[in-house]
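The two complexes that follow have subunit A in common; it is paired with subunit B in the first and with subunit C in the second.
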Partner chain A sequence: MNGQSSLRGEVGKHIVLLLGASIVILPFYLMLSFSFKSPAEIQSITGGFFGAQEMMTDQFCVKQGRPLAECQMLPVVYNYTAAFREAPLLRYLLNGVIVTLSIFFIQVLVALPCAYALAKLRFWGRDVVFGLVLFCLLIPVHAIALPLYIMLAKVGLTNTYAALIIPWTISVFGIFLMRQFFMTVPDDLIDAARMDGMSEFSIVWKVMLPTAIPALLAFAIFSIVAHWNDYFWPRIVITGDRDLMTPPLGLRMFKSDLDGNEYGPMMAAATVIVAPLVVAFLLAQRRFIEGITLSGMK
Partner chain B sequence: MNLSRSSMWFVAPAVFLMFILLIAPVFVAAILSFTDYSLGNPDFNWVGFKNYAAMAKYSAYKKMFSASLLYVIIVVPVSVLLGLGAAMLISSLRFGGEAYKAIFFLPVMATLLAMAIVWEFTLDPIVGVVNAYLTRGCDVGWWYQFISGAWYGADPTTSWYGNGCNEGFPLWIGDKDYALFTIAFIGVWQAFGFNMVLYLAGLTSIPRELYAAAAMDGADSAWERFKLVTWPMLGPTHVFVITITSIRSFQVFDTVEALTRGGPSKSTYMMVYAMYEKGIQQNLVGIGAAITVVFLVFVLALTLTQVYFVNRKVHYS
Partner chain C sequence: MASIRLESITKAFGRTQVLNGIDLDIADGEFLTLVGPSGCGKSTLLRIIAGLEKQSGGDVNIDGKTVNDIRPSRRDLAMVFQSYALYPHLTVRQNLATPLQLRDMTFTERLPIIGRLAPGYSGKRAAIRDAVKNVSDTLQIEHLLDRKPGQLSGGQRQRIALGRAMVRDPAGFLMDEPLSNLDAALRVHMRAELSALHRSLGTTFVYVTHDQAEALTMSDRMAVMMDGEILQLGEPDEVYQQPMDIRVARFVGSPQINIVTGDMDDDGRIAFLGVKLARRPSDGTTGRISIGLRPEHLYLHPHTPGKTFCGELVYKENLGSEVFLYIKVADTEDNIIIRVNPTEAQSIALGDETHIAHEPGKALIFNDQGRRITLAGSPLGEDAA
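For the complex of A and B:
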């Protein structure tokens, strides 16, 4: 193979990949671009990426009876202010943070001691418990949604934070992952801690937890991404109460009570919801890819 | 502290939650599928296999199975092959590989529901970018001739593109002949980056010497090297990628609920959406539970097939 033909090969590969990349990136580009533009520019597909940013009138502001001069604004300002006004976007984002973080912390609280016991302690029934974990790994979440919903409705918990959080408090995948990790921790470390008079309880949180940080970080990314993006479960248990909606569900509601052509504000809302994870991903690509492909084991 | 007692305390919460939140619901679903239960009713009747019989009898459920199956049959091979292709191209690049990897992985990360709504706008027949540019292209002579086949001497009006220029381009998610393919396209767009990353990991684990050895045996062309070394050495990755993509495509919900609600004329009425519509929206819990049980059987069958292949050791190390 000579230099020239391998150069030609390299160029060819870049052409194919660039073509693919442009299709993959198209919706992200449009989402961001629409969130900048005025309704007229969106309708007529003009204005390039940023739009001309000509002053436009906020009809909502006019209806409130404020002077016309105050209601003139740039389309980009209009879109984002309308997104936060018409959908209680800030509330949705706050709910998303509350729900994803609560889920993650409870998952760790339940999984870590169990994983430690399965990896390092000998007790009656250990193999049964581990078998149970492996069995539960086979159960897909979509298959238990309906009965879980009935159970929650029976105890009157639908339309609460609890309904959003409780079903995910147990992560058998987390138990499995942490158990595999703890198996690699040398027994000497634990024995030394016991000699120092540490209780099993403090061994879990003061010795095992710090050693498990890398694995926990991967699991955190996996868990937070999954639950921030989840739409299926919030859609089932939150019906109507906007104050409890998570970002994807809130966006869905925004879409269904969209009157006229409020595409700009809606794309602004979508951008705000997608941005945190995408930015975090671009900053720490390797860790994110590691964390999310963990779910390949699920 | 007594070791075995503390292990009890460590394990008990997890075991309790596993029983309540994972194992019990599976049995509850199975039991409910034999009843006509609905939320709010104090009583219910045992109806035997009536719910399952309904699934075999009514055309809505037949459409549900065929739509789910068609979706999986499209999304799995396309996203697996695209993932493999992207991984092979990227891993053979001299520069720029990381950037492509990041871009292709973006859809895996991004909130699917939000991106589905963006796709809906993009494909909208009136304000959508796709149809707007397809229509504009009709007036660009060389492009029109190239795409409609006039260059190769074909009759442009009989081609898909020429027809679209005259009669208007498809409504995509609003057209029953296109809706499922459009949803499947979004599914592929979202999934293939995940497969690419798994294949990239698989490719790096192939020992370099194997390629040298294959070249000694006379495998000169890139295709032969691929056929003799790359493809078979990726055995375990194939099993893994195919199963996980199949299971995930069986679970498609967000795009269906947000864009088509199973329509038009049930062409995108897929299992998880059907389960949601029947069991939760319409409060026909019995039939929803029966769909759940069938769904569970499908997913377990896929998982057990994977376990079978993994145990047969589809690898050469």
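For the complex of A and C:
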């Protein structure tokens, strides 16, 4: 009796979870599926996940006057080659890497000493400063976007990497997260380092940083995902130069370039853009979950 | 090797006064213990000696030099922490080498690759390797050198922490409750080992603990601290046998000393629980007094008016070699504890009425401020009224 009711409970739970998961996964599934199929299959919604993969003719290739045999290819090959041909996808990816890594690197450079000072040093007004940090967590980026843009425009930094990076270098969330983590590091460890002769800066980089790796990884995931996927800010500061576009922005440009119904190549491009994050997540899955638990617990 | 001298050290955190003018002379090579209940300021005092905390007033002298403004690492003292405070991301070997690298190598020499190019690099590396080896030989921790602290037991970590302090060959060791996180058996073992280490190194040890047993067993001298003051400083025997303050008497000794209230008649004779003492206060004190009686100075005795008091046995604590009897005596708050040998203990049962006498001359008398009152007259024999 008891076993059966708990079994029923389990089944019910899984049904709810599966339903939730499918809602999240469905768009992703469609993206992946469309990136494999021919235009006809996409239009008629046939062919299952992979499509029939019948040879199709690349119209662009024919227009260029090449022989027909050369322009025959599988839809999946067509979609992905078109994606890379139509837009400098690799360039976008590279930009994405440069921007997100620079942001993360400088964020850590700023957040760690700040968090250390807020967590472990005693100075006048520390609580007020920490209060300000918390207050800054409440400010939405969109509210300060315009002043930020004007400031960057005045110093002539629009359409540069700097414009993409500078506004995000001070992460209040990062300071807060690391401060909470540092609070749990025993004072004795810091005192021991001082007795050993380390300066306060050495303590930050040689003692606190290594002990804070789990928290830093959690922060890395939040930071990199947020800035890799950011569409709003690059859209504002990158107005002309296609060479500076980040992946999401590139994707949008990509759409306007192609005919409206070229979903295959577009979804192929989207897949390529999302792939690095998915791969990174799969590699760091356990750390990711640890990190979320960590930031949730403390 | 260093003598440490503290001159009217005060410390306040905000409005809370933690230390009220501590004066303390620690001789070169001495094992001095600061002992007291938690919150008495002993750890703060140690941190002030180390330089980790800045005193609000007063001077710290090490070997005759005032070190008030000298950084912790420049005071040539090493500290062992209660939580061991090993660097969790470094191996034991690196943990041991770190203080030496920081002290002996320049900034460039410590850099990962460029350091190797610096002149004198390999010589310093070899010297550090030798120092680490020496210490690990002494403490028998060679087999642990390549592990990380997380893979070690509490006792092993404790040894590593000790090694990290020793490797610098400091002028003095500061120890902040280093044995508190160990289990009871290991703690007793480590006490002996620390004493031996102190003898072989001949270096000054300042040892902070809340455990009076550690203070009694290891130290050359112990300072009993309470409420930011040193109540008594002396050799363990002296502090145990001649406590000058009722708080010291209460704190030192396990099980605790028995305290009973007594009165003094006009004649100056002291009486408690119907027992009269022969000795009288030498300074003419009158009023309420407290009498301290150590469990080992009380014994079972046939009923004798004026010499014994009686109570009911409520609990026997059998430690094998000795038995502590807890006796409920009317008019006292706490049970009176007496120490007897196991054969004696068998002769009485729970609930029995027992009569107790004290060893003449062993009663400790304190006035209403808790200060010790000296008694006139030869202590032995006479107060067996």
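Everything that follows uses one rule, which is that the second predicted complex is superposed on the first by the 246 of 298 C-alpha atoms of A that agree within 3 Å, B and C clash if a C-alpha of one lies under 4 Å from a C-alpha of the other, contacts with A are read in each partner's own complex, and residues count from 1 in each chain.
Assume contacts are C-beta pairs under 8 Å (C-beta built on N, C-alpha and C of every residue); 3 or more make two chains touch, one makes a residue touch a chain.
In this text the structure is predicted, and so the values were computed from the model without any measurement.
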* Between subunit B (first) and subunit C (second), which does A:A143 come into contact with in this model arrangement: first, second, both, or neither? -> first
* With the two structures laid over each other on chain A, which partner does A:M195 touch: subunit B (first), subunit C (second), both, or neither? -> second
* May I ask you to decide whether A:L19 touches subunit B, subunit C, both, or neither, giving the answer as first, second, both or neither? => neither
* Partner chain in contact with A:L251 - subunit B first, subunit C second, else both or neither -> first
* Asked: Given the touch rule stated above, what does A:M151 touch, subunit B (first), subunit C (second), both, or neither?
  -> first
* **Contacts of A:A52 with subunit B and subunit C, given as first, second, both or neither** => neither
* To do: Answer with first, second, both or neither: which of subunit B and subunit C does A:L90 touch in the superposed model?
  => neither
* **Between subunit B and subunit C, more extensive residue contact with subunit A** => B
* Return first, second, both or neither, reflecting whether A:P186 touches subunit B, subunit C, both chains, or no partner chain. => second
* **Contact set on subunit A toward subunit B in their complex** => 10, 13-14, 16-17, 20-21, 23-28, 30-31, 34, 42-43, 45, 110-111, 113-114, 116-118, 121-124, 126, 129, 132-133, 135-136, 138-140, 142-151, 153, 166-167, 169-170, 172, 175, 199-201, 204, 225, 228-229, 231-232, 235-236, 247-248, 251-252, 255, 261, 263, 266-267, 270, 273-274, 277-278, 281-282, 285, 288-289, 292-293, 296
* Touching residues (chain side subunit A, partner subunit C) in the complex -> 186, 188-189, 191-198, 207, 210-211, 213
* To do: Would you tell me which residues of subunit C are touching subunit A in their complex?
  => 47, 50, 52, 71-74, 77-79, 81-89, 98-99, 102-103, 164, 176
* Structure fact -> Within their complex, subunit B touches subunit A through residues 1, 3-4, 6-11, 13-15, 17-18, 21-26, 28-29, 32, 39, 82, 86, 89-90, 92-94, 96, 98, 100-115, 117-119, 121-122, 127, 129, 132, 189, 193-194, 197-198, 201, 240, 244, 247, 251, 253-254, 257-258, 272, 275-276, 279-280, 285, 288-289, 292, 295-296, 299-300, 303
